[in-house]
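The two complexes that follow have chain A in common; it is paired with chain B in the first and with chain C in the second.
Moving on, here comes the complex of A and B:
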């Protein structure tokens, strides 16, 4: 197990290196360059000074030389400077990672048990009224756009009832924990609602299949109650195929909570990456996207470890 | 019919000291499923009984309703199936049982061994815990006591180093071991009736014999009744006191084992016996019953389309299930006429 984990981590390092080169080149392909962006609208600028600036930043050199420089400094802990925020990239990303982590962990902690509960309930009697209600909920979750749900919730809970703040982050820097939690309620609700629908469908399908399997019949033939059959026998088996779905979902949520972050004014990873890309903030976009890659790689490693933990038939080598 | 005589010699005879009221008495058992073209009766009007300590063999081709009959005894008919008739078990009618009563009964009074021990056990739970579970449920043992008892049970079904095996997952055991573990699980609470649904079909022939021996030994120790289901008449002949032959959801012949082999009356039973290969005889081809089970026949004898003796009358009216000799029932127009 340890050997497997170490070798997977080494592989991940390789993937990250390749991804960094690819991202480096892709971002370099974008129209416009940082110098143009920085000095845009400055009437006293001549093409000569532009060229000077480019030479100063090394932008006139070929891409592999630039990548080499970037990699060298990155490995020495210097990830560069954000041209939008005028601060080191890590200083910009640090709070964003914390923000996103809070949002994601809260969302997953709520949506995974919720999806298991709803999926299992729906699977108990496929086609019954509980199943129909839960399916309706799942389809609403899949079909309703996040921005719409967000706005509706803001209108109801912030504007009309005035119970919850419409923003996702407290205005004061050092807000108390309870205040932070209150601000998280709406964004987490929207994200959970958005995230839970597909999960419910997966759990339901997996549960229906598991509940029809022979060993569930054996469990029933032992005289176990239906809840013991579901919780002790069916659920764990039904969860095995769910692991991949969960891992992929985590990776996509990490950088994909853009809409929620935008509407609730939260500076999370999704928003940072989006802003960095649209403003050609080269360094920030590169590191932000690389972080998303790392999270996806780590969550797929975790998924494989979880497989081995859930299913004794799987031996990691 | 020399081969049949050998089978008769091997068949178990009904113990003379059977108690007056049977342990299980099934009357007019019918299992109906909703179908696209109206309800379909998978099992139709079965009548049979099993005395204490006795083994009933149920024989028939795949899809004849053998397994459904067993699931009905455990209240495990799923998929919208409906059970009618009466199942008198030890004085109470199981058909009217509530879910709660079923859960009390299953695993404690009636237990079942399934055909494929690989899929019939939870792949992600150690074998010992799967056995212990039934003890925790019915004998109110603590988890620790149950694990300990599970090891003893594994030892009693002949599993070497049972303490280590109890920690193993089903995939770590061989097929024979798994079936032994299944038996240990089924017998954990000393049930009065054991339903064995093709318990040896998935096993090698040498292992088959071991498992059958084990079941018979344990049966004698516990004075347990067995409903033994198989498509293999030869296997059933080794364990059953009486045999019920099923065809397309109905019983076509029901008799004490020796009687059935000595004097098979229904053409289907005769066909089944003829399909058994006789090791003493050199044959070019093994005998097969022509045709296959035809579903959807609602008029006349269901076996008529494959029966060498069928005539117009067979195709028109369904034969009654009648007692032609003491304990020997058959449903055929051609018997006794």
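Moving on, here comes the complex of A and C:
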């Protein structure tokens, strides 16, 4: 187990390094030139000063040299400045991470029990009308474009009914908890609807398999009530693989968060990355993307480990 | 299973009856059939956008400030948008783009995915390991942010001229290619798993021992036997790719106006949500129903091709 953990961690570090190089090269291909962006509109700008600036920032060097420099300073804790906010990127990303974390945690807190409930209900009688209805719901969930659901909810609840705000994140501290919650209702609804479909299908499949296994038959034969069989025996076992599904779904949930944050104007990680790419803020886009990638990779690593820990039948090698 | 007998008996009659049985099963799946008909009708309507435009005497790109936000009428069945353009025609032209991106990107995804998956599964060993680690990495990526960066890449920096980089064909191909670049992993995994199973079946080993080359084995034994899960995966991939394209175009990193797509029609609609909410309803509704229909067809194909799965989940 320890050996497995260490080797997976080393692999993860390697992957993160490769990803950082790829992202570094990709971000370099975005339009524009950092020096030109920085000095835009400056009347004293001559080709000479531009060349000097380039040399000063090392931009005249080949990409691997620049990556080397970037990696060296990154490992020393210097991730550079955002050219739009004029602040260190981590200072910009800090509050955004908190914002996105709130959004994602709220979504998971609602999605997981909801998926368990719907999945278990559907699995009780596969092919029955409850099952068909729930399966229709799951299909709708994977087919709905999140940005459209957001627009429709805004039209109904903000424009027509005027019940909920359509945008804005009240910054922490100067907004009351209730105000923050009110602003989260629509985004969390969209994300939950987007996230819960695949989970429901998973719980259903896993429950059907578990309900057909010997220990459930034994539990039934002992005369346990149906609810005890489902909740205490079947559901608990069906949930083990869900750890993996949740972790693998993190990337797509984060993608959903980007769309939702952009539409609802919430300053989270997704919107920061989107704005950074739109405004060609090289450093901010790079670090934001890299952080998102690292979190996704680590979550899938944690899932594998948790899987083994929860289910002693699994031996990792 | 009967896979061995199936591929040995390669006479046409036998093949035909397998496909006929599958079609029979598919035909009895009401949801899948309705979805298939819906998709075919929608696709033909989109393909007919040009003739319809001509017959109704309209011009899809003509803007007029006097005709803004018209309600539905005999001439403009769904009204006009903020620039006075006919909404129905733009929806049909947008559909052409969305469906074309979905099909073409799925095709490229399938070619890359099947090639990599089959090679990894057939060769095995270290090569397989490296390829599968690569797919793991891509699967773990948050796709939309990565697609946005890929969509923002300045093509002149990789050697295209200014003119060709902004031509509609290049913009279209670019979105197809970037989606294919991140989406091939699903199909690669399925192809690899199938290849490994088939490779170790006795008759393939026998063929290998009798001197069959890798290419022969792959073409004659492996590909036909892993076709079923691949066809299902490809169908589902069309829906997913239409969603990717519309999301990217909505965010402004996909296909850009004036070429309409269901995604970028919604970008504008967001600004007009108070004055013209219906403009935000139509394109999204088409994306939703199209993707849903594609997914139902995929599900129908799955159960038509693999009746065991159906009975397995239906019985206790």
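The criterion applied here is as follows: the second predicted complex is superposed on the first by the 273 of 317 C-alpha atoms of A that agree within 3 Å, B and C clash if a C-alpha of one lies under 4 Å from a C-alpha of the other, contacts with A are read in each partner's own complex, and residues count from 1 in each chain.
Heads up, the rule we're going with is that contacts are C-beta pairs under 8 Å (C-beta built on N, C-alpha and C of every residue); 3 or more make two chains touch, one makes a residue touch a chain.
Here the structure is a predicted model, which means the values were calculated and not measured.
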Check: Just chain B (first), just chain C (second), both, or neither: which does A:255 touch?
Finding: second
Check: After lining up the shared chain so the two structures overlap, which partner does A:220 touch, if you call chain B first and chain C second: first, second, both or neither?
Finding: first
Margin query: Once chain A of both complexes is superposed, is A:32 in touch with chain B (first), chain C (second), both, or neither?
Written below: second
Margin query: Looking at A:313, would you say it contacts chain B, chain C, both, or neither? Reply first, second, both or neither.
Written below: first
Notebook entry, point to check: Which holds for A:233: it touches chain B only (first), chain C only (second), both, or neither?
Noted result: first
Next item on the list: Using the touch definition from the top, say if A:72 reaches chain B (first), chain C (second), both or neither.
Entry: neither
Margin query: With both complexes superposed on chain A, which partner does A:147 reach: first (chain B), second (chain C), both or neither?
Written below: second
Next item on the list: Check the contacts made with chain A and report whether chain B or chain C touches more of its residues.
Entry: C
Checklist line | In the complex with chain A, residue positions of chain B that touch it | finding: 74, 76, 99, 102-108, 111-112, 114, 116, 119-125, 133-134, 137-138, 169, 171, 185
Item checked: Of chain A, residues touching chain B in the complex -> 213-215, 217-226, 228, 232-233, 236-237, 240, 310-313
Next item on the list: Could you pull out which chain A residues touch chain C in their complex?
Entry: 11, 15, 18-19, 23, 26-32, 126-127, 139-140, 142-148, 151-152, 154-155, 159, 205, 208, 211-212, 248, 251-252, 254-256, 258-259, 262-263, 270, 273-274, 277-278, 285, 288-289, 292-293, 296-297, 300
Notebook entry, point to check: Quick one: in the complex, what on chain C touches chain A?
Noted result: 133, 136-137, 139-146, 148-150, 152-154, 156-158, 239, 243, 246-247, 250-253, 263, 266, 269-270, 273-274, 277, 280-281, 283-285, 287-288, 291-292, 295-296, 299, 313-314, 316
